[in-house]
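There are two complexes below, and they share subunit A, which is joined by subunit B in the first and by subunit C in the second.
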Partner chain A sequence: MSSGSDVATAPREPLGDKAATQRTAAAMERLKAIVLSERAARWTARLSLILIWQLVGELSDRMPTPVDTFNFIIDEFQRPFEGTEATWWNNQVVQNTYLTVERTVLGMFWVIAIGIPLGYAMGTYWRAQATFTDIIMVGLALPGYIWALLSLMWFGFSVTAPVFTVAVSATPALVVFVMRGTLAIPRELRDMSHAYEVPFLERFRHLVLPSMAGAVIAGVRLAILAGWGLVLVTEWFGLPDGAGQQSRSWYDAANFDGLMGWALIIILIIIVFDRGVIERIDKRAHKWRGNIEGFGTKREGTG
Partner chain B sequence: MALLKAEKVVKEFPPPTKDQPVVQALAGIDFEMSGKSFVSMVGPSGCGKSTFLNIVSGIETPSSGSIEVKADDGGRAKLGYVFQDPRLLPWRTVLDNLIYVQPKENKSAEYVQPYLDLVGLSGFEKMYPAHLSGGMQQRVGIARAFSVEPDLLLMDEPFSHLDAITARTMREELQSIWEQKKRTVLFVTHDVLEAVQLSDRIIILEYGGRNFADIPVDLPYPRLQTDPAVATMQAEILQVFEDMEARRAELDPRIAKPAESANTA
Partner chain C sequence: MAVDSQLETQLRETQPEPGPSALGTERQAASRRRQAMFLSIVGAVGLLAAWTIASIATETEFQLLPPPWEVADRMWGFIVGDPERNVEGGTVFVNFWDTFRKTMYGFIGAVVVGIPIGILMGRYRYAKNYFFDFTYLAANVPLIVYSILAVVLFGLGDAGPAVVVGLLVLPDVALNVAAGVEGVDRRLLSMSRVYGQPSGPALRHIVWPTFLPFLFSASRASFAASWKLATLAETFGGTTGVGVQIRKAFQGFSVADMLAWMMFFVIFVVLVERVILIRLERYAFRYRLQRDEDVLRF
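Presenting the complex of A and B:
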């Protein structure tokens, strides 16, 4: 009970209510941290996309809903690629995506084998830069689908066509990224290495590669995305199998579920690879940045 | 320890634009040092001190003249270089930064650890440079320089970017380490007081990259900047600088320029 001199003081809460208020406040803080976290932002975006997709699918007869698309994909897993019996390996989804992935990997082998050394040479030696700059520009300027058509004309319906397409289309981009990365190697660290007479291989391993890591990873990431798309285009135009060919056949049949289903499979594969492989390599290459402010790390309380 | 001999070393840089003369950083430096000695090279900004150090280290080549750096036994001298900024590999730990500059047979944590202990950085081996303060990074740079057991140690204003207290501590540590390790040290600074505190000889360069004075510093070690003898010596050297400025004013740079252009043509 308040005394006569405490007119302005609110009545005191009983002790049990104070603890409850504190627990409620703490719970609200935790909820706020979750709602405002990075994970919440990602999932909000994903769920929003699915909801918008569902809404458009309900309103349009040319756009399958997420449920229709998912059902189609399940059916594709149950449709055999060869023979009459589908297994976990012998089905349309696994076999066709395996072929597309295989062609992309083969193409990327050449992209990396040529792109990184050439980019480094162009960034290090003025003669290499003078010699190859125009060739790289031609490679960048010619659209990928033109390369896809040309390679089908030259190599027919073989695995060479998509591999060649990836190699000629994606290499120039990687070369440019690597060249820029080479030019950005800090001069003062090169001078320090020179003063201490550090051997070339040591310099390459501990100075050049880590310094270029960001540019190389960004270039490889872009090249993979471009290469994957180019393999799909090549398959669309002229190969008898692969994810691109499957998309084409469902498109030709005016089957929207099929086209959407294969589009989703194509998207999911690249997302899984990018998140599961490229992003991890990127994080490992830059772990030295740690939790220093300014390097895009999460702030406290954001999940 | 090492022998360093420079004879008429000239260094010119291409002009910034075509209609300007070449930039002459050094105009014929003559210099020799050897054995356990700590020599400071002092001069106004732009007189070519850092350029000279870069030539000695091989980062730059002289336009003319010769530089000879030999170990005591007559063989190739090993160099250690402490730069103005630490120049650490940011993506390598403190330990790996020291290992990076080692020859094959010394590339191990056990070998470089004592040098980190020497500069008071035990316990920081696994940290990355970004996690260290400027003073700590510079200590890593000093540890790196000593870890190669150099015959000649080059130091280019290593404490200029540090706060006064850290710089004072580092100077005292450097004196102590030099006494222990007995190296040949060429130390570049624009701070006369620092030069007097650390060196047994001070070379003064003037504008245009020329020798101006060569002054022995015969004071006992260890020295503190607050020692009266150090302050007296500093005043003497500052007088030398004033004489240099006076001579420069007499010569009038506008009249001196055609003669300099003729020399560089």
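Presenting the complex of A and C:
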């Protein structure tokens, strides 16, 4: 600002020049700050991801380019799921993803119903922990997709197969998270609430829930991510419909636009859900803590 | 997805706090350890019993759930050979080695590419922001999509599984290396410069020791997940390896074979985790262990 007023008041040429250069320098600085800002860096990254994809698409004879994939998704929106008339509801994308989401939700119901009580018990009673540690360890070591194949053989190609798969393979991780979460309950407060005979529900509401929320949400998030993938694998290998089955049918038809299109839909749904829902719930659950850094605060990646 | 082995570590190290009655003496602690051991055996036996009962209850001619001893018999067959079912001896070792080889290619690739990226991320804020979404994306893409990518890009063969394992491990390596670089003591580096030390030894004695443990923890964290991904990619479009054997078992509708491979899987993962990776990690961390720092628990 000061350089601007200098120009206005000073008649002498050289100073004006100097001010002008100063101004350009300041503008350059600002430009540099904008280009190097966090937001710009992240958008540059997204852009370069699309460019890389485009490049790979051009080079590979099988990999479609982003535009091809995008066109495919639009076509898929216009293909009716049943009948001949496609509407916003009756189309391949919405109907198939709806089925997949429904299966994931049913599976997650069991994961939460088993995982949270078991994890709480293992974190509270050492006998429960001693009994179940090895079993949970084995569960963690097993790849979920073996369960997917097994449950397809056991339950046939019905909705039970994906639900069972999710229930057995996503539960162990949630159990461990919840177990860690129970240790975050301040011991003094727990003892005190016992001494003063605070009723169970009240204790749960005011002590257990707030201290465990972070760990439980992190565990559920991971379980949903795993469950989503496993439902897709189950659909791929044996179900008659759903997002995974759609990718499979395009794969069998050797149509790679279709395969990539569905892969993109799968990724977009989980990311939108993670960013839009889970992250918000997480923020809400941590509101009471304000800016306190402590247990359960998110430590991305570098754990 | 790469948190499985971290979870395993947490599981092993989490101990419920002792109740008021157990505050104390060594004898009590020892009796508790014995009791814990007993209970864990009870848990395992209970699981086997449940399996046997379920298998007897659901017995049909298709053998939907073969009993444990039958699966053990299959496993033995895969190890020493089973002429009745046309299985050669050592099938297990051949297939696990194939999958392990591919996983290792992916790992090495990820380390080679990930270290420079990690150094950039640890050193420059811009690089950190730039790569942020890449690491987020890589951590959130379902494994099935990686496997699809492997098939689309590389067709059938070894390259697909190796490359997607690399893609999965890469963000873990980069993030951990970045954390390591941020942790390097700048004052030590300046001091070595002041005293005119050549940069080679400075790198070896200051940067490398700070950095190596992070690299190990990255590989430990990624191992289980990458191994799972490698087999899944093989099932989709491999020609050799454990994944292919699992696909064969599925196509042949043989639950016993599938369960046998599943058991091998558990044995392999637990073995590698417990025997190899933990030792390597202790070796990498040894200078800190000497200082009695509790570093293995982060």
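Here is the rule we go by: the second predicted complex is superposed on the first by the 236 of 303 C-alpha atoms of A that agree within 3 Å, B and C clash if a C-alpha of one lies under 4 Å from a C-alpha of the other, contacts with A are read in each partner's own complex, and residues count from 1 in each chain.
The rule is simple: contacts are C-beta pairs under 8 Å (C-beta built on N, C-alpha and C of every residue); 3 or more make two chains touch, one makes a residue touch a chain.
Note that this is a predicted model, so its numbers are computed, not measured.
Asks: Between subunit B and subunit C, whom does A:Ala170 touch in the aligned arrangement: first, second, both, or neither?
Replies: In the superposed model, A:Ala170 contacts neither subunit B nor subunit C.
Asks: Which of the two partners, first being subunit B and second being subunit C, lies in contact with A:His206: first, second, both, or neither?
Replies: first
Asks: So, A:His194: does it touch subunit B (first), subunit C (second), both, or neither?
Replies: first
Asks: Taking the superposition on A as described, I'd like to know which of subunit B and subunit C A:Met260 touches: first, second, both or neither.
Replies: second
Asks: May I ask you to decide whether A:Val111 touches subunit B, subunit C, both, or neither, giving the answer as first, second, both or neither?
Replies: neither
Asks: Touch check for A:Ile136: first (subunit B), second (subunit C), both, or neither?
Replies: second
Asks: Once the shared chain is lined up, is A:Ile217 touching subunit B (first), subunit C (second), both, or neither of them?
Replies: neither
Asks: Of all the subunit A residues, which ones make contact with subunit B and with subunit C?
Replies: On subunit A, the subunit B and subunit C contacts do not overlap at all.
Asks: Going by the contact rule at the top, pick out the subunit C residues touching subunit A in the complex.
Replies: For this pair, the touching residues of subunit C are 1, 3-4, 6-8, 10-12, 14-18, 32, 35-37, 39-40, 42-44, 46-47, 64-65, 125-126, 129-135, 137, 139-145, 148-149, 151-153, 155, 171-172, 175-176, 178-179, 221, 224, 227-228, 231-232, 235, 246, 249-250, 253, 255, 258-259, 261-262, 265-266, 269-270, 273, 298.
Asks: Hey, which residues of subunit A end up touching subunit B in the complex?
Replies: 188-189, 191-192, 194-198, 202, 206-207, 210-211, 213, 286, 288-290, 292
Asks: Using the touch definition up top, name the residues of subunit A that touch subunit C in the complex.
Replies: So the residues of subunit A in touch with subunit C come to 36, 38, 41-42, 44-46, 49, 56, 60, 62-63, 122-127, 129-138, 140-146, 149-150, 152-154, 172-173, 176-177, 179-180, 183, 187, 222, 225-226, 228-229, 232-233, 236-237, 244, 247, 251, 256, 259-260, 263, 266-267, 270-271, 274, 300-303.
Asks: Which residues, counting only subunit B, touch subunit A once they are in their complex?
Replies: These residues of subunit B touch subunit A: 54, 57-59, 79-81, 83, 85, 87, 89-92, 96, 100-101, 128, 130-131, 148, 154.
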